[in-house]
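Everything below concerns the one structure shown next.
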Amino acid sequence: MDLEGLLIIGRNLPLFLRATLLNLGLLAGLISLGFLVGIPIALLQVYGVRPLRVLASAWEGFFRGVPALVLLFLFFFGPAQFGVQLSAFTAAVLALGFRSSGYQSQIFRGAIQSIPRGQMLAARSIGMSRLQAIRWVILPQALRLAIPAWSNEFSSVIKDTTLAYAIGVNEVLRHVRYITDRYYELAMPAYLTVALIFLVLTYGGNWLLGRLERRLALPGFQMRGVETAH
Amino acid sequence: MQCRIWRLTAIVVLGMVLTLSAGSLQAQQPTYKVCSDIPWAPFEMVTEGGEFFGFDMDVMRALAVLGGYQIEIQNMAFDSIIPAVQAGTCDIGASGFTITAEREQAVDFSNPYWLSNQAVLIRQDSGWTSLDQVFCCGNRIGAQRGTTGAAWVEENLVNQGVDVELVLYETYPLAVLDLVNKRIDAVVQDEPASQQSIRAYPDVLTIVGIIETNEYFGFNVAEGDPNGLLPVMNRGMTQLGLQLDLLLTEAGWKVALQITPGSPWDNLVKAYFGADAETVTAAWLACKDGILNAQSYDDIAAFAQCMADETGQ
Amino acid sequence: MGNGYTSRKGEVVLRVEDLHKRYGREEVLKGVSFEVRRGETKVIIGPSGTGKSTLLRCITRLTEPDRGRIWLGDIEVTGRGVDLNRVRASIGFVFQDFNLFTHLTALDNVRIGLLKVKKLPKEKATEIALKQLEHVGLAHKADAYPAELSGGQQQRVAIARALAMEPKLILFDEPTSALDPELIGEVLDVMVALAKEGMTMVVVSHEMGFAGTVADEIIFMEGGVIVEQGPPDQLFRQPKHPRTAEFLHKITALYGETG
Amino acid sequence: MDKIEIGGLVFDPAWLPKLGEGLVVTLEITGLCIAIGIVLGLVLAILRVYGRGPLYWLSSLYVQFFRGTPLLVQLLMIYYGLPSWGIVLSPFLSGVIALGLNTAAYQAEYFRGAIQAIPRGQMLAARSLGMKRAQAIRYIILPQALRLVIPPWSNELILMLKYSSIVYMVTVMDLMGAAKTIAARTFRYFEVFILVALIYLAIVFLLSWLLRRLEERVRVPGLGIERGSAH
């Protein structure tokens, strides 16, 4: 790559970053959705009655067993066939968000199950209802325990936002195409730039989560990492 | 301390609500979503600043002015557009769509606005001079998934036992790039786009032959035209200078596209199909205020004139 | 047989000269020298953290000494170009925490060194391994994995593993201190038997009873130096150094009567 | 053959041969990339645990890069980026290499974790028998680490099976490519992708089951593979 190529990439950097904002918006949407759905799924799996437990496990099994791309296409094209309109962005939030809920529920389930049984017993013994015990004793501990594994999930889904490219969300990879269409020889530097942006996002995000973990840390309280996807 | 983690949860939820509700701001004039797979010069193009233009896009803008509605251009994968139009996610599909029987079953088309054939692009260094040399010998032929080019190769070559391999791309520019990179031996693509590809790689690519498919391009909307857009668009196209004639030929009735000389349509065609991408881009950047702020036919005409002048046509 | 049978002593098998080792700012060994003769059993005692384990590891250079020289017979272990792996193969090492290879059965644990280091054919290696397992009374556990053995059994397999290599001497690093009290006996029995058979041994241990009955000589180490050494009778009954006396007093209070 | 209609959804048996061919390609790519991943991942892990100086830094840099950037970007880089440096790889090979290089970085971390989970005493004991460092790694550390690594590794294999679907973007006719091609012709997107989802699910469950059996077969008492978290 010559100087001119470097200049072109430099000129496009602000646009790359702007397009990356869409990836970040997608990330915010999908990880929140995954969180909001993942927690109840995890609770149902641990505390639910049998039919609910089976249902929750089926949910997790489906969304973890199907490739993200298939989910994206299902959510983008599927509702259309039933007359429901979803923008590509919303479809991506739903598809990747539900997928993440599968992974997040696994993380939270592991965390909940690693809380010693005595905690529940003690909470019940002072007269808390089951729900109260979960709300005030189990979850506050489990969520803290889950942070490291959750950071893994975070760095995994932030990279997977690029998959939304496949259903035409105008995220950063689609923007690269604008450049390569014009300057085909700049494909490598353009993709490397995107790679760099993601390196910063992934490791920056992990660093922030590490700080969060330390801020929320309680004495004598650590989690042996729960493995998750990437 | 107990509260902190819940407050965080609340923030996360709020973030999500904001994300999902963003972009649902309303406008007074009806706004229709125009979906297109960008870039595919010269029909769909994009400036370095990320602004969409190209023949289809400017025609769409002009038709909106004439029809009294707003448009919002949505860039998406080509093969997603028709399903999106079906679903109502997009109101108009404008991406160099050939009107085919298969597509007619899924969506409704406007009047045809362009007559195209398929061109067979090859590298100059292959030294081929006829289509027979291209369509044989296990050669790899590239085309975009879901296009008439791809369908033609499949039906007329692959299914007929001709020894070629069809390689499907998500978008034509990438197929052309792979032709340049020597991963494939030919690309079957609509003629105007192929001309544009040659302008981009004048020393590398050439057109070895034209397959007369006589395809008509049309804009499409959901079946039954729920917004009543088709008559508005058809009327607008006539206003811009495109007339349709029915001709009786040996093969039967045939639609002929007649362009009024000097009309905005004429000028746009000259500008977009007569110059290379770089010149067109520069011209559009010079003229763009004309179309982006257009209020009337005259504004559109002025813009089209500007494009023709700037591209030196 | 027992202590005092000096007639058994042969030529010098191991000689350690002025060994120094420092971890960061802390000097763990401050010039340690001693000799071990063929057939001799030396027991090293002393408070924890005085470099006893480090000393053993330095002998086979599992830990690299900073200064000093070590001879195994007429091979200088600390010399240039010495084949360390051959040296190690000829010095048995028994660890405090056994370090049996978790993924291998008892038999395979004993056999693997014969196969991979000595490159013996499989039948020969199996024969030796089984013999050594029998030697420590565990032939019937040949197919058990370490996790299926008690601590005492694990340590006996570890001893068999060391023996199988036909070592010139065996170094024992607190071989019983990770064991439950009721399991210590079986390991000590094996070690006593070994000593009687004339195996050359250097043992770091807190087992004063064992030291008293088996050792030809006891070395008392403290603060990275050898404070005093001598036959058990002399060291236990008339220690020359007040620190030795003090240590023996404490350890007696803790573990009961010494030999 | 007749089309099958279920609750308003129309499935065409004629799709199946094409999807079947695609599935074979998907399995080939997954298998090959996992193989690359094991070999390269092991080397990287050993370098990261036992390596010094530039070898350590390079292997770490590799792992950080491939774990920190999207797989799709890596694939596009190899397919569309490398030609500008004069390297033109076939679509299939690009897919295998991109997925292989990526999974190698993740597998390296699993292997590294497993190697480091083996108590130091194992190495010490092996060396005390006179084994060379390489011998100790080969005969003592790796056999244990490889068993420890099976659960995360199973996860990785299944992830790769699913992620392999991105290769359709570089013209490979895998299961996904076949599905997209059929859908683009028939506009039966939902039906095609439901079918494809079920195929992937079936393979995923089959693979999980096989891997669990493998895990039980090579299980050694006391080598901690009681899974902490199911997958």
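For the reader, a short list of remarks on this structure follows.
The first chain written gets the first letter, and so on, giving A, B, C and D; residue counts start at 1 in each chain.
Heads up, the rule we're going with is that a residue touches a chain if its C-beta (ideal position, glycine included) is under 8 Å from a C-beta of that chain, and two chains touch if they have at least 3 such contacts.
Predicted model, so just to flag it, every value in this text is computed and none were measured.
Looking at which two chains touch through the most C-beta pairs, you get A-D.
Averaging the CA coordinates per chain and comparing them to the mean over all protein CA atoms picks out D as nearest.
Between the Cα centres of subunit A and subunit B there is a gap of 35 Å.
Between subunit A and subunit C the centroid-to-centroid distance comes to 55 Å (mean Cα coordinates, whole Å).
Note: centroid distance subunit A to subunit D, computed from Cα atoms, is 20 Å. Residue numbers of subunit D whose C-beta contacts span two or more other chains: 80, 83, 169, 180, 183, 189. Each of the following residues of subunit B touches two or more other chains: 83, 86, 174, 177. Multi-chain contact residues, meaning those touching two or more other chains, occur in subunit A at positions 77, 80-81, 166, 180, 184, 187.
The complete set of chain-chain contacts reads A-B, A-D, B-D, C-D.
Subunit B meets subunit A in the complex at residues 2, 4-5, 9, 12-13, 15-16, 19-20, 22-23, 37-39, 41, 46, 48-50, 74-77, 80, 83-84, 86-89, 171, 173-174, 177, 180, 277. Remark: subunit C residues 57, 60, 62, 85-93, 95, 97-104, 112-113, 116-117, 145-148, 158, 161, 165 touch subunit D in the complex. Subunit B contributes residues 79, 82-83, 86, 102, 106, 142, 145-146, 151, 167-170, 174, 177-178, 181-183 to its touches with subunit D in the complex.
Those residues of subunit A that touch subunit B in the shared complex are 11-12, 15, 18-19, 25, 28-29, 31-33, 35-36, 76-77, 79-81, 83-90, 93, 136, 140, 143-144, 166-168, 170, 174-175, 177-182, 184, 187, 216. Those residues of subunit D that touch subunit A in the complex are listed here as 9, 64-65, 67-74, 76-77, 80-85, 106, 151-152, 155, 159, 162-163, 165-166, 168-169, 176, 179-180, 183, 189-190, 193-194, 196-197, 200-201, 204-205, 228-231.
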